[in-house]
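Take this structure, written in structure tokens, and hold onto it; I'll ask about it next.
Which chain is which? They are A, B and C, in the order written, and residues in each are numbered from 1.
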Amino acid sequence: MGITKTKKATVLAVGLGLLTLSACGSTDSGSGSGGDSKTVTLVSHGSFAYSKDVLKAFEKESGYKVKVLKSGDAGQAVNQAILTKDNPQGDVFFGVDNTLLSRALDNGLFQPYEAKGLDKVGAAYQLDKDEHRVTPIDSGDICVNYDKAYFSEKKIEPPRSFDDLIKPEYKDLLVTENASTSSPGLGFVLGTAAKYGDDGWASYWEKLKANGVKVVDGWEQAYYQEFSGSTDGKKAGGDRPLVVSYASSPPAEVVYADPRPKTAPTGVATGTCFRQIEFAGLLSNAKNAEGGKALVDFLISKKFQEDMPLNMFVYPVVEGASVPVEFTEYGPAAKDPETMAPKKIAENRDQWVKSWTSLVLK
Amino acid sequence: MLLRLEDATVRFDGRPVLDAVGLEVAEHEIVCVLGPSGSGKSTLLRVVAGLQPLDGGRVSLDGHDQSGVPAHKRGVGLMFQDHQLFPQRDVAGNVAFGPRMRGAAKAERAVRVKELLELVGLPGAARRRVGELSGGEQQRVALARALAPRPRLLMLDEPLGQLDRSLRERLVVELQELFGELGTTVLAVTHDQGEAFALADRVVVMRDGRIAQSGTPLDVWQRPVDEFVARFLGFDNVVDATVTGQAADTPWGKVPVPEGSAQGACALLVRPAGVRLVDVADGLRCTVAARTFRGTHVAVHLQPGGAPRLEAACALRDAPEPGDEVGVCFDAAEIMVLGGGPAA
Amino acid sequence: MALPVAFFGVFFAYPVAAIVVRGLKLDGVWQFGRIGEVLGDSGIRHVLWFTTWQALVSTALTLLIALPGAYVFARFDFRGKEILRAVVTVPFVLPTVVVGTAFLALVGHGGLFDELWGVRLDTTVWAILLAHVFFNYAVVVRTVGGLWAQLDPRQEEAARMLGASPSAAWRRVTLPALAPAVAAAALMVFLFTFTSFGVVQILGGPTFSTLEVEIYRQTSEIFDLATAAVLTIVQFVAVGLILALHAWTVRRRETALRLVDPSLTARRPRGAGQWALLGAVLATVVVLILLPLGVLVERSLDAPGFGYYKALTSDDSGIFLVAPIEAVGNSLKYAGAATVIALLIGGLAAAALTRRAGRLVRGFDALLMLPLGVSAVTVGFGFLIALDEPPLDLRSSWILVPLAQALVGVPFVVRTMLPVLRAVDERLREAAAVLGASPWRVWREVDLPMVRRALLVAAGFAFAVSLGEFGATVFIARADNPTLPVAVARLLGRPGALNYGQAMALSTILMVVCAVALLVLERLRTDRTGEF
């Protein structure tokens, strides 16, 4: 009896094992990293998203098969790409933003390629105009969001600008993220640095601290725990009606609600924004450079640009690409968002984060 | 009375394991509870020890009701069937455990350990690991450990169960001498009647959670109260019979019974010594099926025609060979009418 | 022995060494000066100090709260015990993001404690400590409880008969026998809390930082590989010291124990004291584990008509190319493969470690635990730069994920099986050998039947750990087939009630998958107990 049972268990275990192996194997068959010229591989971070049929259309048109490798957050993905640049995992990298751009360029991650259709991309987005190592793909704004219900109930005007945030009527209302571990947190700090300059930003933060800004580690905690404007933040007892998030968050609140409300429950303080631009580039040592070039062209094609907003909640950079109605209806565009040259960011970032940490957290 | 159980009852899942058991043990007495496995004898010890709560009845020690007294405060010792020596401690550590729990000073403990190890015949074993001990040695250490805190009642669960025969026989004698010398009160349980009879002042036979019979070893041996006790003691010649006057009707024919036996249907025990071998013509005709050498005598297994087998005891030189045909007649002095009605 | 050594060499030592060397060697010149520089930094020293003391306190607290639980699960029979044993393991597999959310509902603003007593623990060190207990409760209950159930209760009774009170009997007889398992559990809890990442980030707020968080920052955000390398070495040394200490204490205590069938040792509680103990343990489990988990379930059901669950089956959300629900299948596949690998490697290692007691082998014993003490980010980056040449170019292969997960599973397998294997009476093996069994057959016929229970416990752990692994899984580039924790994290990364609700629904599914897998294992286990 014991023996038959044992045998059964063994058979079962081996069977399961084989099943698992074969099942997994089949999903990824032919996983040479872009070795053959018919496959082009795109490397990106975990939040990269797209519609299947849009990519299929490209595959059909160009004759390339696209393989997408995603891993980690934006910072990790860039670092991974740098570490593996001699023997890259793919041909194109998407997802380096202006805060990390210098790191990527200084490390020689990309090779120059002037994408077809670049002339339709706004000049303000083209941060590597001279060498064309990277091509801008999308942009987004990191802005303070507010809880509409809170401000209408209290009959206070919601804040509009950085200056507003340090006013007494907004005391103890703002929650932001740790600049050393969160990308919106960093963006917000960079926004203040751009606005108030190298000398002024620290004293701005002193005032903000005196005005009761709360800092949590990540966007998820800020938005879903502390912010009273998100459905779940309210449920979790969040009592901060101001949060550092994105200009596209209010539309998302509408799109990702069932049933959709008529108006967004949150708004954007349009004068508190910092612009993030995401780039793609042809990797140095790409095995399928031709395919990679076609893929970069595709990323700034009107088709992809118009598909992108509702998948990644970002804005297109190509002129003439229409913005989805949800964006225009529920999310006002940022007013003159702060920007900063990637080189300046690269030079000062660590120092700023360090001073910010000792100023605000200690 | 040192120990008194009144109506002690324990149920497992509603099934009684101890069923209204009453038992008394006097000071310096050695009582052996004898019974097959599952008869409830180990539970009886655990009840006295306080390891098994009662569902009914009570246990008193020295006249004090023990309900609510936890195991470690009852002052009784228990030697477990498989010793349960602590593997993390050496021999001395095991023996000293009890005195230590009672707060004995280090020097005092050392003296006691030495004393007890000498008593059980293991001087110099103090620093040995218990894993290295032989079965007999473990037995002795377990005994020393149980005796070390000077329990008022020492309980032994199958004390010699796992040992080989010669060692067992030697140890029975040693134990008996030792307990006599120390004046220890002992309550032991065993399934081995030889062990019980050799060790005990009084034997208690248990069956299905009840006490079937209690008495001196001789008493129980000579007068088992019913078929169960008789068979448990190793008697196989038990049959249904109907007694009329001084004779009984049995499958073996008419058999004489002692004077004054109860009349009517009953179970009848014929001791092997009461089965006499005679000429084929002079008695019940039987074929010798087998012989077993028993040291002092030979047990001869006889097969009568159309009746249950009979066992006879006879002297070595008189024993017939298997296959021989013999006659059998019965000796009324070795026959007894058992209580408890006809055989099942 | 060769296989486990090769496995660890190729998939652990080599990648980690590669990334450390990459950090410390700039243009072919060693940067040993960085070591002094980093260690001299007062901020880093503060992090090191906080990391150590919170881990010590968390471990002590976990043992204090979970040991009664281990006893109750080992020795008492009560209705729903199997389910409960599976449920307490669930926190272990949940991604920390999710757990943080759930735990805040308990100790955070407007949480249960806040409403009942006005107590808020979020952003205090208490929240971190309690969450560590929540996470590691099962580690103690399972490793200690597993051995406890097999200890002969008559050992304790023997002590009682010699005059020891119940607590003295426990202290002097049971505890020493349990010591190896307790030490093993304590070690694992310590390693987990020492390298705690998500819990510290979410519950501690930005003012608390562990070494692990610092390594993550230096590697992922700041990209200062030299500092990260030094910190990795520091963590290595610290973990190495702990392991040495552990090995030293355990070796002094391990003895052959007489193990019995666990079904014989458990019974229904009797008397007010035992019922009270059972009640207290159950209450702890309810407050500490069921309540936070319940919050997740409740939130996942917040939309009418299981709306969030229905949304999981549609593939137009854009975050994934497939319906999020397919993450269940991915997770099961990866975890299944990881469990097979972990059992194979861990089983072989444990068997070898029981047989041979040479110094080299004992060193390997400690080495097996190291993956628990190394940051997932370090291993992930290491994989990327080390495994990039054929035949080892596994960077975009699916097998890399279960391999990384198995690295974390192996220590569990070894730790769970070693105490039991070492407790197997050597004479049984000798008996089998004399009867003509080869060493492999001896293992198969003698050891395996006796350790099957431990093996299943180990398998459960390996499976659960793989199921919940996030750090390395999210890190390893692969085609888009996310596991459950990865899918949850991606959903949580975007605004909108529907995303949040789906994340909660997926978390609930993750919980259920884990609980069911563990329950199946428990079943297998009870079927078998008759064999030994």
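We take it that a contact is a pair of C-beta atoms (placed from the backbone, for glycine too) under 8 Å apart; a residue touches a chain by one contact, two chains touch by 3 or more.
All values reported here derive from a predicted model rather than from experimental measurement.
Every chain gets a centre from its CA atoms, and the centre nearest the mean of all protein CA atoms is that of C.
On a Cα centroid basis, the chain most remote from subunit A in this structure is B. Distance between subunit A and subunit C, defined via averaged C-alpha coordinates, is recorded as 32 Å.
Put simply, the C-alpha centre of subunit B and that of subunit C have 53 angstrom between them.
A separation of 84 Å divides the Cα centre of subunit A from that of subunit B. On the side of subunit C, the complex with subunit A involves touching residues 22, 97, 100-101, 104-105, 108-111, 114, 201-202, 204-207, 213, 216-217, 219-223, 299, 302-303, 307, 311, 318-321, 333-334, 336-337, 340, 377, 380-381, 384-385, 388-389, 393, 395-399, 402, 449, 474-481, 486, 489-490, 492-501, 524, 527-528, 530-531.
Residues 152, 154-155, 157-166, 168-169, 172-173, 176-177, 253, 255-258, 270-271 of subunit C are the ones that touch subunit B when the two sit in their complex. Residues of subunit B touching subunit C in their complex: 49-51, 53, 70-73, 75-78, 80, 82, 84, 86-88, 97-98, 101-102, 131, 145-146, 148-149.
Listed in rising order, the residues of subunit A touching subunit C in the complex are 2, 5-6, 9, 13, 16-17, 20-21, 23-25, 27-28, 31, 33, 43, 46-47, 49-52, 67-73, 75-76, 79-80, 82-84, 87, 89, 103, 178, 180-181, 215-221, 223-225, 230-232, 235-239, 245-246, 249, 252-253, 255-258, 310-313, 350, 361-362.
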